[in-house]
């Protein structure tokens, strides 16, 4: 296999992986935007999204089958269900703490993450759950490069969701309000915006995107596990930071960059698969130290 | 549950009253220490091991308490310093045959250096960024230990020799019970001394209001770095003795879960409150043992407990706001 | 003319292209009481933040007693001799009155972790010195001993204002910056404040620079007044000079909301 | 909560001290150290079930030394620290011997505890070579160790005319150990290791590793870790169009591999310790297991059954439960056999022969490979 083919393959791999990272990173960045909270539970909502999607597909596959059609329907159901769970978590755990010290709300988020993880651990006994679908192995050959149909559908879906989100944020009343809330809560209240409702909407949308990613990942890779949200949560946060936390296009860009970094990191001699995560975290630390606002983030007022 | 939490706190009330009363505190501590000193013969090996473990966690939790409870920095990778101590001692004694007591100060120095390297550039960051950077740092240390030959890769190091002290071979579980009891007492002593000092107050000033603290002439980065380094040294000390106690260490012992468990001890008992943190360490070690019958549910029970504490009693189960001053 | 205690030359500050301060020259003479006034949004607090190191001006120099301040961080500025209070009270919550004031002594003492752990004699002596100085400052501002062990944020508002001043005095400053010290005080408390500010200057020999909206108080206490408008220093002079300065009158009358705190 | 706190505040020490209660008359306590919680719980439960069948049979035949056997489970959760606690608890409960040990990483630190307490320990599954130097002498491994698996694998690959090999592990003690042993053995045998990868547990996306493997065109890919992620890797390898051989180590010999990998696992080879369905002597064991637990015995059930029988044999031979005597008897085992074949030990207390067999995936199940 020539180098250029390897590069092309890793490009495709990075794109697929990056799409997942981007979808999860979007939720991180949106939630951070409106309440300045690093939602540690976000990766776990991705995991819960996978399981809910799996249950939904099991329930409806008799009628719609378990091809992409069925998976899309299951994904939608999962987005709605887990989106509501996200709102519920915000109301119960985060809302009362909005004015508490930063440390308290961060630890609360960590606690929510642990509750979700261990609840699923208890329910599944820590076992992997096989996610059966009717997805085939087919694909197209572009010269020596093979791209599976599944990969294409996946990237297209992720792109579609991101376009829909961009439209929602820039062209709808809720989206505009969301951006306003991200800038200044008090000002929004004065202008008659129901800040609390907008925070709810943000959690719903952000969490639903993670649930969509979780369902697609479960279907695409074929298994679910209670701890599967941990690594991707960490990586998605890294992606959000690289892109500039609070910035929606930044999250997409950061996701793709990180996906590509990891794919190519595996291929680089001296890094390889064993050191690829060290590489990713080192990039995170470097970005935070050298350019804390990320690539597309707005710079905050400099304070000495 | 919330109501019960308060009830639990009320039960701890008399205990707290004793701990807060300067007249009763001395004798109460004396009695407690005496009981712990004469207890081992009456304890089975299991209880000895569990209590030893609890003492280890007292040291770790008090170390993290300096970082989280005093300086207000959320460190999600504290196990990394624990690992640095354990591996420094493990490598130097097992691979190079260096005497344990020589490796101990080296472990402290390496941990301090690690604290400076990771803390130096990142302590200026906002707190949630710092949390994730420390998490990433913890993972880097774990993965590095897993990949490197000198750390014994994933299997870790085995056959770490147990130390001698003036002709006493510290080897049995009971020996280590006393060693860790001593370490815990030292950790408490140092924590108390620091809490009442110029540096201890500076941590709190920075934690409560960074701007006002700076306006009072406190260099927040330097003060935070001091917390970070001292916390790292607590972790490394615990790690060093952990390594010789088990005789074998592997990267699994220094995972994210380990960091979370130590953090839980700090938060459950009450951040910044020394008796609370000690209680928290005992809760996270003895609790799961008492809940052994609950199987996979026990971690869930703990997670829910942590969440409820944060929602209804963010100052922890130990009564009062800031004790031990 | 003797050397100025504080000397600002050509200060320029901008945030994201938006000019906040433009070529500001300003000085405070030793042991002087100087007021900085100007309409809302004129840049007074920004100038304070430049002097205290919280903002780094893009242009200009700030010199205290011959030492350059403009490249220093806030804690170093405080150590060099400039103390401040905040417009909105910024006391350390969950800490006692005494502990709050002790914070001011941090930059005047040096014992560290090792001294504390070993309980070295030098460290103990220093702890006694810190407590003594804090008590001295509390007495100076008139907070009686019964209040010292209370949580700072449980004090009456007027007492909290005094506590902030005591905390700043504990840093042994050469110059004290007060950001709207009279805000929220009643008439009686304002008179006490005037007395206190005069004592700070007369008894402790500390120069005082204040931002204040209460014109009566400003006119009563200031020796010199500087007026800032839209980031530009438009006037400097004695009380009488300022009261008759046409640019100042224009600046205040030009305000849309007609803020009536500058009564001529 | 109230109770919980009171226990902590007042009587935690006493409560625990009481745990070491007096031994019941006429019974011998044997510890079974296996993970019954956590991700490896199914293996642990399966091993305990097998030990229980052995106990029932032994007790039905009059027990040992006139006493009945009582099993006490110690849950190590496949975690080193939990394992230390569980082992200490077993020691406190005065067990005369211990069988079990599934995860190598959790078994290494308990060796010292049983060693210090002078308790014989028959390890029935864990087989990392890291166990050998850490063994104080009281532990006996009746599952063949990783180096023997590597020998079996080398022979098999050579037989299949494999020249180049890619090895993938999961970065844990067991799989990394096996991967290293395999690399050494394969290179010694003149083969080429063209790619050596380490992936993360639960990572899901192994595509970049798959591409890296594809780029080297290995004749075979050897996965040395557990079935759960192995299933995903196999799927992704086949999805990317990899046509060569795929082989897995004994951590992936569970039939659940087929559940996760689906049809991609067809034709996959596994090196495995003897599993019940291929053991002629295990017919009645399988029947009993199915009757008792309504399931097929898992991969380590026969070995654990044998571990119990071996222990009882040694006690009978020694005529006492005295640790030194029992250990001496264990070391003298010379071809005694129950389900998994003759048991004898090397000087290092490891199984003297290789017990590995080669399996092949066919129609979602394992069959003996040709």
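Quick notes on this structure:
Chains: A, B, C and D, in written order; residue numbering restarts at 1 for each.
What we mean here is this: contacts are C-beta pairs under 8 Å (C-beta built on N, C-alpha and C of every residue); 3 or more make two chains touch, one makes a residue touch a chain.
Quick caveat: nothing in here was measured; it's all calculated off a predicted structure.
Set side by side, B-C and B-D show the greater C-beta contact count at B-D.
Of all chains, the one whose CA centroid is most distant from that of subunit C is D. Put simply, the chain nearest the middle, going by average C-alpha positions, is B.
Remark: subunit B and subunit C have CA centroids separated by 41 Å (rounded to whole angstrom). The distance from the centre of subunit B to the centre of subunit D, with each centre set as the mean of the Cα atoms, comes to 34 Å.
Centroids of subunit A and subunit C (each the mean of its C-alpha atoms) stand 48 Å apart. Rounded to a whole number, the gap between the C-alpha centres of subunit A and subunit D is 37 angstrom. Across the assembly, subunit C contributes residues 53-54, 73-74 that each touch 2 or more other chains. Residue positions 143, 146-147, 296 of subunit B each touch two or more of the other chains.
Contact of a single residue of subunit D with at least two other chains is seen at positions 37-38, 41, 171, 198. Per the touch definition, subunit B reaches subunit C in the complex via residues 190, 193-194, 196-202, 204-205, 208-209, 211-220, 226, 230, 321-322. Listed in rising order, the residues of subunit C touching subunit B in the complex are 52-54, 73-76, 78-79, 83-84, 86, 90-95, 99, 102-109, 111-113, 115-117, 119, 123, 126-127, 130, 167-168, 170-171. Within the complex formed with subunit A, the residues of subunit D that make contact are 37-42, 171, 197-200, 202-205, 207-212, 214-215, 217, 228, 231-232, 235-236, 238-241, 256, 259-262. If you check the complex, the residues on subunit A that touch subunit B are 36-38, 92-93, 96-97, 100-104, 106-108, 110-112, 114-115, 117-119, 121-122, 125-126, 230, 234, 237-238, 241, 274-275, 277-278, 281-282, 284-285, 288-289, 292. On the side of subunit B, the complex with subunit D involves touching residues 1, 4-5, 7-8, 11-12, 15, 35, 39, 42-51, 53, 143, 146-147, 153-156, 158-159, 171-173, 246-248, 250, 252-253, 279, 282-283, 286-287, 289-290, 292, 295-296, 317.
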